[in-house]
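Here chain A shows up in two complexes: once beside chain B, once beside chain C.
Right after this comes the complex of A and B.
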């Protein structure tokens, strides 16, 4: 039994295709930049401060934990920087410095490092950080309250909270083109729909994220929102509104696709993505929270190990 | 990039972005405009977002300041936040500090100042009903967010 041959590998030399984790991380950061820069232009220096502090503190937390746990310094792979920038993108521009630093600590150390670092985390670290902060200090994540001193020339009420409290009569002020072009309040890097879509398509074409997850996530959102809308169009918004508001697009392209917390096979990826999309709209329409993306993806992260059991049968005799 | 260069790049990111972050936070704190744009009122009945700019600007509802800021009556320059007067007096005091800035205690001893939330509630409701903008009955959530 001990000599059973499991793999047959040909002789060296091998050829590495040149792809690295580092390249992947920094490409994802580049893909996120259009949306981030749009946030900087909209919200000015406070937004620059939040994102800069978020990236640098995320790398510092990883460096410190590497030192404390006496492991190889892993900050070179850019994953901590990626966590930092995604976390900063979800925050309102007025977040205080301590909130940013606490959030990146939770994301990097509790969300990733204590599970053994990159690849070992069962949940998306960014969402772990954000969820814990949202539950702990929910007033800072009330975009209506956080952005009370901003007047950017469009309806500044947070679209999803207008929908939640007023029904579709509350969202007449928003039209699709404006929402796509970022004419809405929200997280620093989460409002510019077009930028997020361009970034997402770039990542899909380069193969850094799986299209199956993004597309099924968006399909889940569209179908569920459409069903609700058909039942009662006065209370529940249509699918396009749900696609372009809140964290939907950043969730579909940058958060749900996090590799260690999402499935690897085709069917599981579709179930995972669609499940997160469906849960997003269910939480928005019938749940207590205003936006459902964070908890929907975390919930599907939880289901991920089960989904991974749906896999192709091994060829030949299985012992 | 070699692993060494990757590490150097990460250290560079830490230093540069930390400095940018500190400078942004210290040098460009979030501005509070002289005249509020929107105000989030908080009370036991949840939060109420009030769009001050839309109510006050000509392009909006064009209300005059004194429609709401009713005291003192004459001077525009002494417009002050509603909560300055509509508040519970500090411990050991009979009136809020802002009252005794101008008035002697015996001058206003019979004056009743209603609570901040009650003042807003009656003020908002009255004006909304007059202009037909009201919330319908039992639709508290049009204004109140719990």
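Right after this comes the complex of A and C.
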């Protein structure tokens, strides 16, 4: 009996469908690549520098925090890299190095790690980082100013600020096809609408993001923008313009769908997505900020725990 | 192992195995030199229990009823002829105590005739006293006389298997038609219950139709054959979370158990051979017939399965079975499958936290908020988990752990929580 073979004993189930956090993160990164590569081609080496620094510094912050807090090293799951690449995509190509590093510090450490790491963050870490930078150093996020030295062969004016300051007369120069193909100024990875849509559809088909959130977010934007546009078409832009400018598409597919800060039940997902979409257009049209996506999603992150209490009755529950 | 499909827009559909249409004869495992029978009772060598009826070196006959204590109802049926070599305590899953009775098998088999004399006229008492340790493992509530609460008014015979890859019950339904028909007749006679329903998959309707019970179709998508799911989908009754199916007056019994009851009264001796699937490392399945109590290593060696260190041996299916730590573990009356997994490609759990991806919510057949539940279970807050997050609605299918991206042992947490809460309420009841 003493030299018995030893077996692995564990609890059921003994099968797993093979999904991992790592695969999830890397697939998100792959889905983001078309938009990122387009940004690299448009803005050249400065954009490459910003995104690379963003990814690497996010990983380093996470590693440092793992070491300091004496927890298992979690950079292997790719989540820090994902935060880095999404953060880089939102920045203008001319962002200084310290801005990127500060931003990823806030995103990774304050946005995620102090809440206990992956799965514990109440807000989207990327947006926490970006929101704090936007409030602190407003000038660096004025895309007109930041990209003033670029001439990419189209009107180098940030569409949303043109809309804000001039009304619809300011956005006549933009046509839908150009906006979709990335012929607009903006964040490194946030301008190429087609690439973001392809990436988003890939993620939805593979089941890595929850389609309900993306679809209801876009629906919220479209409906609210349409209502504004119907009331006064000289002042408020139409829904298609709102869909294809600013952070709308990256927000719908990559930011609002962040796992930990979004609901998982069907009706809450719809409310959450639609709420963020509606808030986006409200902030753009009537708020102080030029783009509303960041604050709209953060606001809906805040109500997420409440929303997720709306859930179906479990089997055998009488009350 | 079923992998996540490349396109996974909707939740995956996981199908039960259907039996081999050619119905190959089960491979018979030769009687081993030693068998072990697990008596479901706590071992109390110095306890206050009455006279001990068995001791080492007692000789037993095939089919003999073995009870350890004078005043106890628990018994096993010896599946071999031989002498008792040891009686020892054995601890099962979640603190279940058994008494392991090991028997050295003698060369000549001698049948015990006690049951034969009684089997001429089936009664509830005979069934209760001789047939609760038969292949298929009929539940105790089946043989309760109706005097005990809760009273049973419906019997559901499962012509389906409760887990993936297993075909034992479906095999019984096809190959033992006659015995099942006889068994249904006897059940009607001894229990007085007319409402007997045979739950079978669509492709076995013909076989189910001739058994003399009402027939209902069960879906072939996992976990449609779990008792609570059958209650909901087939009988249209929702079992309240705190109650069991027995509380609702429904008793579930496997087709194999009914076949065993039929065979027992037909032939006058208690069936001793358990049919089950041996699921090999490559996923192929073989139908096996072995005596109850045969150690699993005999089965592996008879089927040329090499067992290595750090493999995983599972009694039952891949979703709800239980892994064992010794290859000397015996086949029990309810062992529907023996599964072995290669140590090199095991799916293991991790200590990662929940990332709130929602896969479990999408797949849960009981609509439990698993993402919230598991957070409370991790923190050991079982009472709150039960009150607010539907712990007791769980049908124990294991799908949440199967799809968990973080590979959390969710199913394990749920079972542990139910066990701990059960312990607390038992302690409260005794101290009250």
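One rule holds in what follows: the second predicted complex is superposed on the first by the 303 of 319 C-alpha atoms of A that agree within 3 Å, B and C clash if a C-alpha of one lies under 4 Å from a C-alpha of the other, contacts with A are read in each partner's own complex, and residues count from 1 in each chain.
Quick note on the criterion: contacts are C-beta pairs under 8 Å (C-beta built on N, C-alpha and C of every residue); 3 or more make two chains touch, one makes a residue touch a chain.
What you see is a predicted model, and the numbers here were worked out from it, not measured in a lab.
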Looking at the overlay, does A:75 come into contact with chain B only (first), chain C only (second), both, or neither?
first
Which of chain B and chain C A:18 touches, first, second, both or neither
second
For A:46, decide between first (touching chain B), second (touching chain C), both and neither.
first
Touching A:148, do we find chain B (first), chain C (second), both, or neither?
first
Across the two complexes, what residues of chain A are contacted by chain B and by chain C?
77
List the residues on chain C that touch chain A in their complex, please.
1-4, 6-9, 12, 164, 228, 232, 238-241, 243, 307-314, 316, 318-328, 339, 341, 343, 346-349, 351-359, 361, 365-369, 371-372, 390, 392-393, 395, 398-399, 401-407, 409, 411-412, 415
The chain A residues in contact with chain B across the complex are 22, 44-46, 48-50, 52-57, 59-60, 63, 73, 75-78, 80-81, 93-94, 97, 142, 144-145, 148-151, 156-157, 161, 165-166
With touch defined as at the start, can you tell me which chain A residues reach chain C in the complex?
4-21, 24, 72, 77, 116-120, 204-207, 210-211, 259-260, 262, 264-265, 308, 311-318
For the complex, which residues does chain B have touching chain A?
1, 3, 6-7, 9-11, 13-18, 20-25, 27-33, 36-40, 47, 49, 53, 141-142, 145
